[in-house]
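Chain naming follows the written order as A, B, C and D, and within any one chain the residues start at number 1.
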Amino acid sequence: MSSVVTLVGNPREGSRTRTVAVAAAETLGRRIGYDDPPEVVDLAALAPHLPAPAASPQVEVALELVRGAGVLVVASPTYKATYTGLLKVFLDRLPGGALTGTVALPLLVMGDPRHALAVEIHLRPVLVELGALVPTPGLALAEAEIPALDARLGPWADRVAPQVTAALRETLGQGAQA
Amino acid sequence: MSSVVTLVGNPREGSRTRTVAVAAAETLGRRIGYDDPPEVVDLAALAPHLPAPAASPQVEVALELVRGAGVLVVASPTYKATYTGLLKVFLDRLPGGALTGTVALPLLVMGDPRHALAVEIHLRPVLVELGALVPTPGLALAEAEIPALDARLGPWADRVAPQVTAALRETLGQGAQA
Amino acid sequence: MSSVVTLVGNPREGSRTRTVAVAAAETLGRRIGYDDPPEVVDLAALAPHLPAPAASPQVEVALELVRGAGVLVVASPTYKATYTGLLKVFLDRLPGGALTGTVALPLLVMGDPRHALAVEIHLRPVLVELGALVPTPGLALAEAEIPALDARLGPWADRVAPQVTAALRETLGQGAQA
Amino acid sequence: MSSVVTLVGNPREGSRTRTVAVAAAETLGRRIGYDDPPEVVDLAALAPHLPAPAASPQVEVALELVRGAGVLVVASPTYKATYTGLLKVFLDRLPGGALTGTVALPLLVMGDPRHALAVEIHLRPVLVELGALVPTPGLALAEAEIPALDARLGPWADRVAPQVTAALRETLGQGAQA
């Protein structure tokens, strides 16, 4: 069965990116009929294993979880005005087309609001290149908005949930036919 | 009732961009249950009226047609490695959020395949900014592919039709509730 | 002899974009040894003549002025999160490589600071495609900064003047050899 | 004294990216008066040490070499239509403004020519954000061009050398005054 997964690309453990990503995935999940909490792939824990060429069981499990996601919230802080290298190192491990059939939602947590376009310009294209459906505009959330997170995520989830549901129904339908 | 419209941003009349855009809109239209030919807004005919501040009845009709589209194929040749100024002059006439409830598909006809990313990086964000749903990756078609247009557009339409249908059902549903 | 020109892509006459553009060109001009005021190509006045296919003497003069500029400040407000269609319509009139030997500086005047990256992502590539040297990062200035314009432009001019001078010396040197 | 350094962001050892990067740095170096071979920071060797939070002497040496470069050729293959995560993980280690006073040249080795714009859209902005001078357009080189590498790099070096020299003179001058 399909599921909601959030991929967190912040190298620090217990990051605010993780807080935002989990809250976004939960808020969206409830809107689209998932009562279970989202699964979380936090790359902070995997960082030591990621760029090494050797296989790592933890990394393999994480890759499988991400590939099998029905809905994938891909979250990163802005480092150098774009997503982190850690997130890209992980995504680079996925083969071409690995996210076909996954509905992905890009999310950036920005220190500086002037980096807002990065979510559409830099993060979204990587997910499209991997074959994901990315039906909604990316969410660029300023760190200053975190104290009032619910007030920001509620309207966002209201807005994107119908498109996610529609895209999901489509990919599930294709899976059933295949 | 909703409809399929194609907006052609080539300043020359009878352009190949128009040929490609109409073929794309027809091919997609058939896949999603529209038997009527798509309506065409060809900006070549409107160019003299566009940047002038004075109102023009033809421009107003064209703007209404684009705003009322259910599905909008927005096509441009690449000029200076991105979409034309003519297309943007027209889109600049639309007020903020004017394409809310429209499913838009960006399409670039390239002289040089090295400009392929422009459809995602430059053209798509303008449509998103106008409020359109842009659920599918943009189509960047090289001029060299035009002689075998059907072979290119058929698989493209197969791939995007389900997402367009899903997005359309959603926007129509919202309209019905409103 | 070479000169400082500013190209203003705002369709409204007497725009704040023009105010900012002229101030930027003057401030920079003084730093690099030009005492004459910059020449201004304000597209607001040319708008009615621009997209029409017919030749217009005013447009031809403006194109020549821009092509002959040593230093070109290209300024636009953000419309739909990028530069205006009016600016692009004008630039589309230039043949490929028309700005070879010109040092161009992109400048966006933003209503919303979240559009800041547009100056690097959208405006700069058009100028590079036209052959211009664009040695400095683009300037994205929020409308809210206009009341304290001098305080913003002074440090900017200090920062970019050396690079502009170096690039200019280079292009002039090439011209002298040619 | 300043030097020419090339940073290679391919995770595989002995990569073609390295071959191209070294050839580009050598060809450019000769044009701008450096007879010594360029120093090479090949991230393939550093990959196991990179994302781990712990300090690594090799990584520190590499970071110092990159920060101290006068001219820095930053090379990556295209992975998922942009530069590699490995390169970004390394760049993320640099503090803000770390490349101030460095003249950087972005270089992508593409499997698919349709990814050409990525060098300007994705790679260049990261270097600008780090404070580097990036006076020339990025070089996007298709793998198919590698067999005739010299024929491609010679004209490229002829074109960019004057701008690199000018920018370098400027940054060295600033250093001398400081």
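Just so we're on the same page, a contact is a pair of C-beta atoms (placed from the backbone, for glycine too) under 8 Å apart; a residue touches a chain by one contact, two chains touch by 3 or more.
Remember, it's a predicted structure, so these values are computed and weren't measured experimentally.
Enquirer: Between subunit A and subunit C, how many steps is the shortest route if every step has to go to a touching chain?
Expert: Steps on the shortest route: 1.
Enquirer: Suppose you list every residue number at the subunit B-subunit D interface; are over half of them used by both chains (same) or under half (different)?
Expert: Interface between subunit B and subunit D is built from largely the same residues.
Enquirer: So which one's got more C-beta contacts, C-D or B-C?
Expert: B-C
Enquirer: Just give me the whole-number Å value for how far the CA centre of subunit B lies from that of subunit C.
Expert: Each chain reduced to its C-alpha mean, subunit B and subunit C end up 30 Å apart.
Enquirer: Just curious, how far off is subunit D from subunit B if you go by their C-alpha centres, in Å?
Expert: Using C-alpha averages as centres, the distance is 38 Å.
Enquirer: Could you tell me which residues belong to subunit B and also touch two or more other chains?
Expert: 81, 117, 121, 125
Enquirer: Write out the stretch or stretches of subunit B touching subunit C in their complex.
Expert: Against subunit C, subunit B makes touches at 11, 47-48, 50-53, 79-82, 84-92, 121-122, 125-126, 129-130.
Enquirer: Quick one: in the complex, what on subunit C touches subunit A?
Expert: 81, 113-118, 121, 140
Enquirer: Which residues of subunit B touch subunit A once you look at their complex with the stated criterion?
Expert: 117, 120-121, 124-125, 128, 133, 135, 137, 162-163, 165-167, 169-170, 173-174
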